[in-house]
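Consider the two complexes below, in which chain A is the common component and chain B and chain C are the respective partners.
Up next is the complex of A and B:
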């Protein structure tokens, strides 16, 4: 069975352990066991940039099996950006290959004495010299590795120059646009002088019931392909949320100041991308939905540029948020973030912040090293990623996060306009006109994030009977109602935790549409593969256990209730339109948060109580078994 | 020769999902092991190419020509190229000779080749974009297969 490998880059020692079935069943792989491993291998209070931090790379329990779509990889560590629980999930094809090479988790500690990359192949782990890769962007790095190892089928995770230069929001990359974007894990990787991890495997993954696995997966694939959401994603990729979200008033432009993006009408549109730039679609490992666009810009200022992406976040971030109505500018900015290895949302949030400061006359070209920060400025948007990666000019100001940036600008009032939530992660999903969603996002253990807690079904106008069938309890279908939402957020968070532990892509689940996977469908595959007779309740509890382990890490670091609170801007009432007066009212949110804590068996600061830990078999942690 | 159904590949439609490899290995070998699949999808990430390689039953199979023990033969009736695993000496001449890279060597040293799953190929059923089809062949397709891809370390050349 797939093992855990422990790699110390300081001593260059590598050791391995099997995963006892009982522990695997309690946490599952991917994000699950990674939470256990982080809690066990990192002490309280360590500096995230120190060799004591762990970079944990994890395949899902079902990664590499015939099932759709379990090709995602989870990366975990103490975040250099926020100082709390850090993790991120990346698509592509790395996690199945890691399993074919014999490993499910890599626990990487220490720091290499020079630029290094890992070459993992069929049970072997080599620590190789990366001096020929250091200084190159993510595209060039991967090309060089395929060249050096003489095999285009090697799968790679890498950092760009931003990670090498320890930019706090640098991320881990694969292919042309795949990213483990948030919480600065590229910076963590760079702090270990680890440039890349390359893997190639030819081992097999046995299933306890191969016939059943064949039957289940073929049936699920046939079902999935007939759903409406599948048709939409196969054609529109991940651009379709733009249309839906704009209608619902979730798109905010000019650094969250304005609801909607009026100047983008007619240009920043999904159809414009599909007509002018789209070439074809690619897929992650094991996925029939193939939602990844390949594009080319054929005319204009950026003619000749080719790349992959975008997702609706590019439209929302590099379009609306920074006041840019033009696709080619957004694509060029995305390409630069892709190459240098920066998280696109954090980049967009930083630029939008600077642009609002410029708008308000708080900064001018003296502060920006000559760059023009007018809304949508093409030059700035396309150039700034390189400057950040090289720590030059304005890039040097923002490379180390917003608190440092405010100090370096010498403008204390600037802090008012950088929008981030409790644990320090940037505001992204609008939290104002929903209830379960802000609760789910804000209580996420890495910080405000839709991939850990968005309740998309909150605003789909689903009949109560459908909601009750899905969530197992009555759910109020009104997005502005406060009651029943603590349960909605909880159920959703546990589902995503299980999804991330199995290696599954959320776009095959109820994250995307009510008729896609909940707990049942992955459970069928899991039981066919492992031979377990796991029930839905047990799987739900696995989600709860993962959630509590992550929470335990943050509690140990001293994070309490303040980590679950929204950015001030979310509590400001919307003015005008059909949502006039609506806001995330702090007293009502606080009450809902209390209900949420009680549901979880946590104290008034949101710390798991001894009883809860005992019930979940977490009372002996850190147990140091693995 | 009577019209036969054959695997027809259009690499332009391939998304690189590799469900074909997974269903092939699980069906044939009862485990998920793409290294043992009879079909292999090569990915060229930067160039943006995905190239499925599987036996397309050439009109004049190079593998049949080079096989010293006649373990490979082209069936007169069906037109399919069949590999007799008992006769195979694993000399790997066919692996070298196939211009399409469709005959594969497993990590354990076995020579494997697609046998169309007894006339109902599984890979076709999971291929979302129909990059792999099972249809009546046209001679042009088979001729195309004979020219195929030049190796990666030289340069990727797709010959039409």
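Up next is the complex of A and C:
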């Protein structure tokens, strides 16, 4: 049985607890038990950068077992960027290794008196000196730890210079581009002077019914490999959404001012990357899809640069959003964000915002320390990640988020052009062209986020019978219809919560395609591993419980209905494309929000009612059992 | 049901117009396709011999401003 390890960096004390089966079954691991642990270990109102905040590193319940694509790690804490619930999910191979070392969750509190890293191996946890690693980027940090521990099979999570210098949108990194990107958890790690967590495990991970697990895994893998999405992902990786999203109006250029990206046609394209930059494909732990690219720039100003990725949001964020039609500078900026440990999305949103301020004449070179912020400026895009990570010049202005940047620029009107949601996270999913998706994303407990609530099936032109079969209720297939979409968002959010708790990659689920996994397929694997005989209804309720526990955390921080609303500028109708003039009408959105709250059993402010908490066995929380 | 639908010929061996959603049947290996409903022209990429995917607009007929697309 995997354990929870509690690590206090101030006192250097380490303790462990077994996870009672009853609690494990109620929350599962990964994002599920992490929500429980955060609610129990972080008091109301604490400063996210204080030693009282907890950094929780979680492995999924099914991570490490013989099943495809259960290799995701979940990282949780009170967000230094937004001040509310913060969590982020990272691929790679850390999660299974943590299980092989004997742990499912790490609860890290306190603050080290000097730079530190954790060395976790086969049930042992050592707090080691990282003074020699401080100041190095994420690539160099991992190399040096492998050398120091004399084992290249050690799996590592680490921060770069951005996390060390407490940049609010610093992230936690692994390999060359794996990132727990959103909500600034690299900043939280830096605030604890924790440079890295290294893990190596050789313990076994016995399943209750190995024969059944083998049969289920093989059957599911055989099926998955034949799906259309598998074949596309294996060749194009995560670039395929670019084509779909661009034409459906989900790609915005120039800080969300324009739908689509006409100037990138023929240059910022999937085939241009595949022909000119891609070297090969590779995969996360235990995944047959191998959707990740390795690339190299062979000519021009950035010749010799190598990296991993990119995903479609590199095209959307470091391409369209900042008005850059060229792959080489987008890849260079991505690589710099990876190296210094910055969240690429927030970086792109911040640069796009500054470029719009420049376009509107609100700022000029006197405010930018001489940097040219015209749309797509190559030098600025490539240079700014380093300036942010080192807190130099313009980088220092935006390192602490948009509110501080507005104060430092002394331009109050600048705030009007920053796209974000009520919980403070910068805009990720566009809000105007669909209904279930903006609802699912805006009500996300970490802030507007496609990985928590996007309903991709809303715009897939699926027949009504197929939609009803998936969601268990009639769904209006019109992406712009308001009715039935509250249920679509609710169902989707619970599925994603379960997926994150099990450690499964969302690209194997209905996040990506209607014929991939819903609740049934992971449930088969879960029952084979645990011997629980859990029903689909019970698994669905686990998703609901996780979602409510995260909600409880935010409610305790005083977040209510306003947290589920977009910033006014994000709902303005945008010109262009086939959905010209369509917007997220505030009164209709508000009505849909009421329906969504009712489905969850929440009050008008979006807070769980006592009856709901009792039904989900959350009425005694925080119970401090774990 | 979602699985049967996704495996059917409804989904394979054709693409949908990215603008209007019209189903566009293809001959194997066809490089470009014209949508008779909305007039858009698309470049087709073949993931494998049975699996086509829209790659982008045909640049020479793309009209970003004021044309049939925008």
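Keep in mind that, in the parts below, the second predicted complex is superposed on the first by the 623 of 626 C-alpha atoms of A that agree within 3 Å, B and C clash if a C-alpha of one lies under 4 Å from a C-alpha of the other, contacts with A are read in each partner's own complex, and residues count from 1 in each chain.
Simple rule for what comes next: a residue touches a chain if its C-beta (ideal position, glycine included) is under 8 Å from a C-beta of that chain, and two chains touch if they have at least 3 such contacts.
The model shown is predicted, which means the values in this text are computed figures rather than measured ones.
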Of the partners chain B and chain C, which touch A:66 in the superposed model: first, second, both, neither? first
State whether A:244 touches chain B only (first), chain C only (second), both chains, or neither. second
Could you say whether A:158 touches chain B, chain C, both of them, or neither, answering first, second, both or neither? neither
Does chain B (first) or chain C (second) touch A:495, or do both, or does neither? neither
What is the contact status of A:204 with respect to chain B (first) and chain C (second): first, second, both, or neither? first
Which partner does A:425 contact after superposing on A: first (chain B), second (chain C), both, neither? neither
More chain A residues in contact [chain B versus chain C]: B
Quick check on my understanding: which residues of chain A belong to both its chain B contact set and its chain C contact set? none
Can you list the residues on chain B that touch chain A in the complex? 12, 15-19, 22-23, 25-27, 29-36, 42-46, 48, 50, 107, 125-126, 128-129, 152-153
Under the stated contact criterion, what part of chain C meets chain A in this complex? 1-3, 5-7, 11-12, 16, 18-21, 45, 47-48, 51, 53-57, 59, 62, 64-65, 70
With touch defined as at the start, can you tell me which chain A residues reach chain C in the complex? 223, 226-228, 231-232, 235-236, 240, 243-244, 247-248, 260, 262, 265-266, 269-271, 461-463, 465-466, 469-470, 513-515, 576-578, 580
Interfacial residue positions of chain A with respect to chain B in the complex: 64-66, 68, 93, 100, 122, 139, 142-143, 150, 152-153, 175-176, 201-207, 210, 213-214, 217-218, 221, 225, 234, 279-290, 294, 306, 308
